[in-house]
Amino acid sequence: MLRRRHTISSTHHSHPPVVPANEFVADFMAWHTKPKPSLNKAIIAFGLLTSLGLIGILIKLFTVGLENRSDWGYLAAITAFLLSTAGCTPFVVLGLRMIKAHWRRPIARIAESYSLVTVVTFSFILLLLFLIPSSQNRRTIWFQNDHVGTVGAIPFTPHLYVIIGILAMVLAGLGLWWTSLRPDIRLVNNLKKADKPTNKSWVGSLKQWRVQNKGLAFLGAFFFMTFIWAITLYCIDLCMSLVPGWRDAIFPVYQTLSGIQGGLATVILSMYVLRRFGGFEKYIFMEHFWAASKPLLATCLLWFYFWFCAFIIFWYGRMPIEQDLLQLIMFGPYNIAFYIAFSCCFLLPFLILLWNTVRKTVWGPPVASALIIVGCFFDKLRLYVSSYSVQDDLALHAITEIPATILPNITDILIIMGGFSLPIFIMLLCTRLFPIMSVWEMTEGLRLTKMTKFLRTELRVLGKPE
Amino acid sequence: MQERVFLPNKQINDDLLKGSFETPWWYLAWMALFAALTAWGVFAFGYAINKGLGVTGLNRPIMWGFFLTDFIFWVGISHAGVMLSAILRLAKAEWRRPATRAAELLTVLSLMVSALHPIFHLGRPWRFYWPFPYDFSRGIWPDVRSPLVWDPHAIFTYLIGSTLFVIIALIPDIAVLRDKTKGVAKVFYGALAMGWRGTPRQWKIQIVAGFLLSGLLLPVFVSVHSIVAWDFAVNIGTEGWHVTIFAPYFVIGAVHSGVSGVVTMLILLKWMFKWDDYIRQEHLESLAKLLIVIATVWFYFFFLEFIFALYNLEDQEIALRELQAFTWPYNLIAFVFLFFGYLIPVPLWLFRRVRRNWVAMFITSIMVNIGMWCERFLIIVPGLARKTNFNFSWGSYTPSWVEISIVVACFSLIFLLIMTFAKVFPLIPLFDIKEGQTLSDEIQIGKRTVPALRVEE
Amino acid sequence: MAQMLALYKTAELAAQSTEALDGAGVTNEEWDVLTDAPYPEGAFGEKDPEHKLYVFPFMGACIGFTLAMIETIGTQTAYPLVTGGKPIFSMPAMTIIAYELTMLGAIIATVLGILFESRIPNPFAGIYDERITEGYIGITIICEEGKIESLETLLKANGAEDIIIEK
Amino acid sequence: MVQTPKAKKWKMIIDIDKCTGCQACVLACQAENNIPFNTDALFNQSRASEWIRIERYWEGEFPDVKAKFMPVLCQHCNNAPCEPVCPVYAAYHNDQGMNVQVYNRCIGTRFCQNNCPYHARFFNWFEPYWPEGMENQLNPDVTVRSRGIMEKCTFCVQRIRRAEIDADIEGRANVDGDVNPACVQSCPSNALLFGDSLDPDSRISKKLDDARKHTLLDHLGTEPNVIYLKKVDEEYVEKEAHH
């Protein structure tokens, strides 16, 4: 009788059991050291797709060359897409680290590993920079327009500064990844009885842990800044300043936000894949998706908000240039892409995540995330392809006429395919080579969690070290 | 480090209800002072109604001045409440507990006061209700395309919402007052408590309601200041206003000044009511950390706004920035805005010693709000002073005694309202504090005990 | 039917005696707990209270949205004046007003829902004691007059400080 | 909305080349439209209200300095920025292409003035006042605006209506030149020209395709109904000739 009452009373706490830390380590290492053969197959498949994309780029390079900017809109779009999905994932985890959210732990490593993708993305950006005009006599944030003589001229704008900005972001990401990886590498080596030079560099002394903690905090802050700055530069210099008269102060913020949204979606999807195919039901469960779904919902709302902020001003202002812009990037030649982006970045995810019952499932957030990824791609499409197709005329700082729609040709399709499979390929490689779950963070988390009997119910206790 | 204090519930009641049961002489003295200032403001407004807005310093082209500056300022302050209590509630941040009610109260009161400003500002204040769709008899309607019609919708939605939010969260504390008072007061509180008993059901609903209302109020809170921003940003007629980033820039600025306002208020409460056990350094520190982030994001937005406005290097824009940055007295205001609003407080907050120091935080938080007031002024007036492309009718502006006294009156009205509220209701939610004590726990790791939290998903 | 209210100094004792009550076959429908602060659900072994609070905001939102549509469309049709070359039905402007009124409806409905779901206002809520807000835990029981003595002894045995009975 | 028998679209053409900056239009407007006197005090407070004003710009350095005059009045834009921001429809567009202000409806938010790029709207800061006796010269066809509301150039709408009524009485349609706003009527150098642009054989529709034609701040896309004709600068013409 008593027991029955007790079980009833504790039904509404759907706590999964707290696994002892060492048990988890054993579990994970067993999984990590002998991966499934299907993993290798997948790696090969996606590797092929990725290389197809690279081949596409080469073909374009040798057939049409770099003369005409409008040929390369799709590469720019896919690069932006990679930058604001894979590129922004580390931001998600460092934000969660900052507020000491426990549910970040299983996904921390995945998120950080995505900074490897940015390394490849960077090379695309280098290629694109050949297409970007210098900002001399051009109205951009570099203040190089006609009024400025040789006196106020800044050399190598914008190319040099874009490179610096994005390089800083890449390095910060790699640093973040490596710093949090070291303890786990040592763990793997111990397991494999492998004697690697890294063993000497990491022994796990208290001092080293303290340094690692501080280092993660510092690199986190650094990445935060560089990441915002990199996105800002990219979306201004490789998109906005190509359209004369497009002056939209919120655009960088909007792109950063869409980056954070894409990053979060990427993390959630990877989390789902890891749970589904990696078989980590014991460590990744509904609570994680539930917790992740709330910020995701917030980003969806913010996406609409930032979009609307720009839209209402242009719509109300009714200046000719504003009308042209609305045509160019929203309701004109790329309206289909825009409508897809709108519904996939805001409308549908919002309608899905609105319901707590859906948020509290393992499948709900991933579905929304998948939609968001698609939406993010089309969003970049309508922004970049359109702005790359504009013929710029330095004399009058306005759009002369709205260019026609540019549809992807075969090489573009190859590039898009490659672009989509690139992050997957790299992540699969990571899974193969490094521990894909941050073991030390997981164990720390498990140590800080316990179940306690409170009066007649059972509660989970989470430690929050200051 | 969190220093945990455990107190018996009875003592919590006695401490936090101090305000309602004892009234020191200085308290009444302050209230009298504020009441007098407010009365003076009322007189000034009456004078303006009687003589016409000519008695203000407004002119062509500066048609909007102190009143709207103050309007934006108070709307901004009103964003403290939801920002803190809602976001921190949703994030389940423990340190929110003593701050929520104060923040929400600040929201409600400052929003009420800010809603008065457009009326001061109208040419014919006795027709303030005309933007509402009420006129069925004559079939004359407002123009829904006007931002000034969006404004009342947003502000009243926010006002009603946050007021209900405060009331709902008050019910359990009113029940405590009901049990502690006698006679008429008991009847009064008893009526307000609506027969609250504290059954598990009622508590559960109370908690769920907290989350639900927070979730509903957050989007409203963003929209309110955005719409206030659009009052300016839809303008193509005024230099420096037609900027797409205005809405989020205003919102984050509002949060910046609002949270600082809450810090000021909390410190004052601690000093006034000796609530050292409830408002502790850990709360101060967390608020300061939050402020660093907010302020930095705000500064990034400001940077974008400035760069994007200026980079075309159009003569009119240059003239505007020149006025803002180099022309007396605007350059002084700009200096105050930059240094008080960001450059002095934020670097100071980086030091743990400052974050945990009451006096330092008090001063810095007030500095922020002075800076933010100047920011609003610098957005409105210089833009209008360099309004048209033809420099033939550029102008300048100095406020008259009427405007100054009305602004001062609004500040004192806020203080008056807060002090009155503090006499009737507790400014720190009792049950929230008690719950915090029930849920706090510890985890032993080796030799160290880590402060922990009992959670129920 | 009689009502009785037992007051306990500590939550532990209260939890103990609810357990005892369950043992004595008094169900959760008959006994209830009164506290001065929220406790984790099921702390006293009470059933998870059912509620439909989440329905209210959606109903309210629908009402609000309808009102907004009536206002915006109505005013613009009833008074079709061209301003600034904007269309008579300006969707973006209507969106903003619709949004605000939708939220307003949702919030008001939610608050009504809260009052309804927590069963207030209710002046005749039942037996109560002022010590509860001072930290005492109260356990109320509704039972036949006959049972009173047995229950009283049971509650006393589990450390009830004071027991109030209303016939 | 004002219903008129025949569709009209009023336009004004201002020939800057003819303008001598004599301020006659300003004065005429003042007298016609019951605008209170602009005292020194009002000018010093920069609160003077001139529905049409002559903007004077100096060009070049002394001694060879040029004065340039530009009469600016409400441009009666087709996409008037001042209209949609009014919460109470006090400013709206009537079917004769004019941007009209409803004094009784105005509540004095002054938003329209902020959003007018031409700075052509005026606020009544005080109750209007005329010296003893001067109130007898007020125009009975024009409202005296009370304090706290906006006002602006109306293209002398009272004259337009009067002309229409007279035409009705005489049982004829309005002919070109029936209607002349005070400023146009009083311009000694005929720099101002007013008329119905829908009437193909009116003087104004003939001048509409003048090579010197331009509108103020056309990058804002407000489509003004007041059209300016460029100044003919002899020196510049010579320079061009030499090239």
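Order as written gives the chain letters A, B, C and D; numbering starts at 1 within each chain.
The rule is short, and it goes like this: contacts are C-beta pairs under 8 Å (C-beta built on N, C-alpha and C of every residue); 3 or more make two chains touch, one makes a residue touch a chain.
Every value quoted in this text rests on a predicted model; they were computed, and no experiment measured them.
Peer 1: Among the other chains, which touch subunit B and subunit C together?
Peer 2: A, D
Peer 1: Centre of all protein Cα atoms: which chain's centre is nearest to it?
Peer 2: B
Peer 1: Counting only C-beta pairs in contact, which pair of chains has the most of them?
Peer 2: By contact count, the leading interface is B-C.
Peer 1: Please report how many Å separate the Cα centroid of subunit B from that of subunit D, as a whole number.
Peer 2: Roughly 45 Å separates the two chain centres.
Peer 1: Could you tell me the distance, in whole angstrom, between the mean C-alpha positions of subunit C and subunit D?
Peer 2: From the centre of subunit C to the centre of subunit D is 65 Å.
Peer 1: Please report how many Å separate the Cα centroid of subunit A from that of subunit B, as a whole number.
Peer 2: The computed centroid separation for subunit A versus subunit B comes out at 34 Å.
Peer 1: Roughly how many whole angstrom separate the Cα centroids of subunit A and subunit C?
Peer 2: Whole-Å distance between the two chain centres: 42.
Peer 1: Do you know which subunit C residues sit against two or more other chains?
Peer 2: 39-41, 44, 46, 48, 54, 79, 81, 83-86, 96
Peer 1: Residues of subunit A that contact two or more other chains, please.
Peer 2: 12-13, 312, 316, 318-319, 454, 459 - these are the residues of subunit A that touch more than one other chain.
Peer 1: Among the residues of subunit B, pick out those that touch two or more other chains and give their numbers.
Peer 2: Touching at least two other chains: 140-143, 145, 149, 219, 234, 236, 454, 456.
Peer 1: Testing understanding: with touching defined as stated, what is the shape of the graph linking the protein chains, line, ring, star, complete or other?
Peer 2: Chain contacts: complete, every pair touches.
Peer 1: Applying the document's contact rule, which stretches of subunit B touch subunit C when the two form their complex?
Peer 2: 8-10, 13, 133, 139-145, 149-150, 153-154, 156-157, 160-161, 164, 168, 171-172, 175-176, 179-180, 194-209, 212-213, 216-217, 219-220, 223, 227, 430-431, 434-435, 438-439, 454, 456
Peer 1: What residues on subunit D touch subunit B, complex-wise?
Peer 2: Per the touch definition, subunit D meets subunit B at residues 45-48, 53, 55-57, 70, 72, 81-82, 84-89, 105-111, 113-119, 122-127, 147-150, 217, 220.
Peer 1: In the complex of these two chains, what residues of subunit C are touching subunit A?
Peer 2: 11-12, 15, 18-19, 22-23, 39-48, 54, 84-86, 92, 95-96
Peer 1: Which residues of subunit B touch subunit A once you look at their complex with the stated criterion?
Peer 2: Spelled out, the residues of subunit B in touch with subunit A are 1-2, 90-91, 94, 219, 222, 226, 230, 233-234, 236, 242-248, 300-301, 304-305, 307-313, 441-443, 445, 450-457.
Peer 1: Sort out for me which residues of subunit D touch subunit A in the complex.
Peer 2: That would be residues 79, 81, 84, 219-221 of subunit D.
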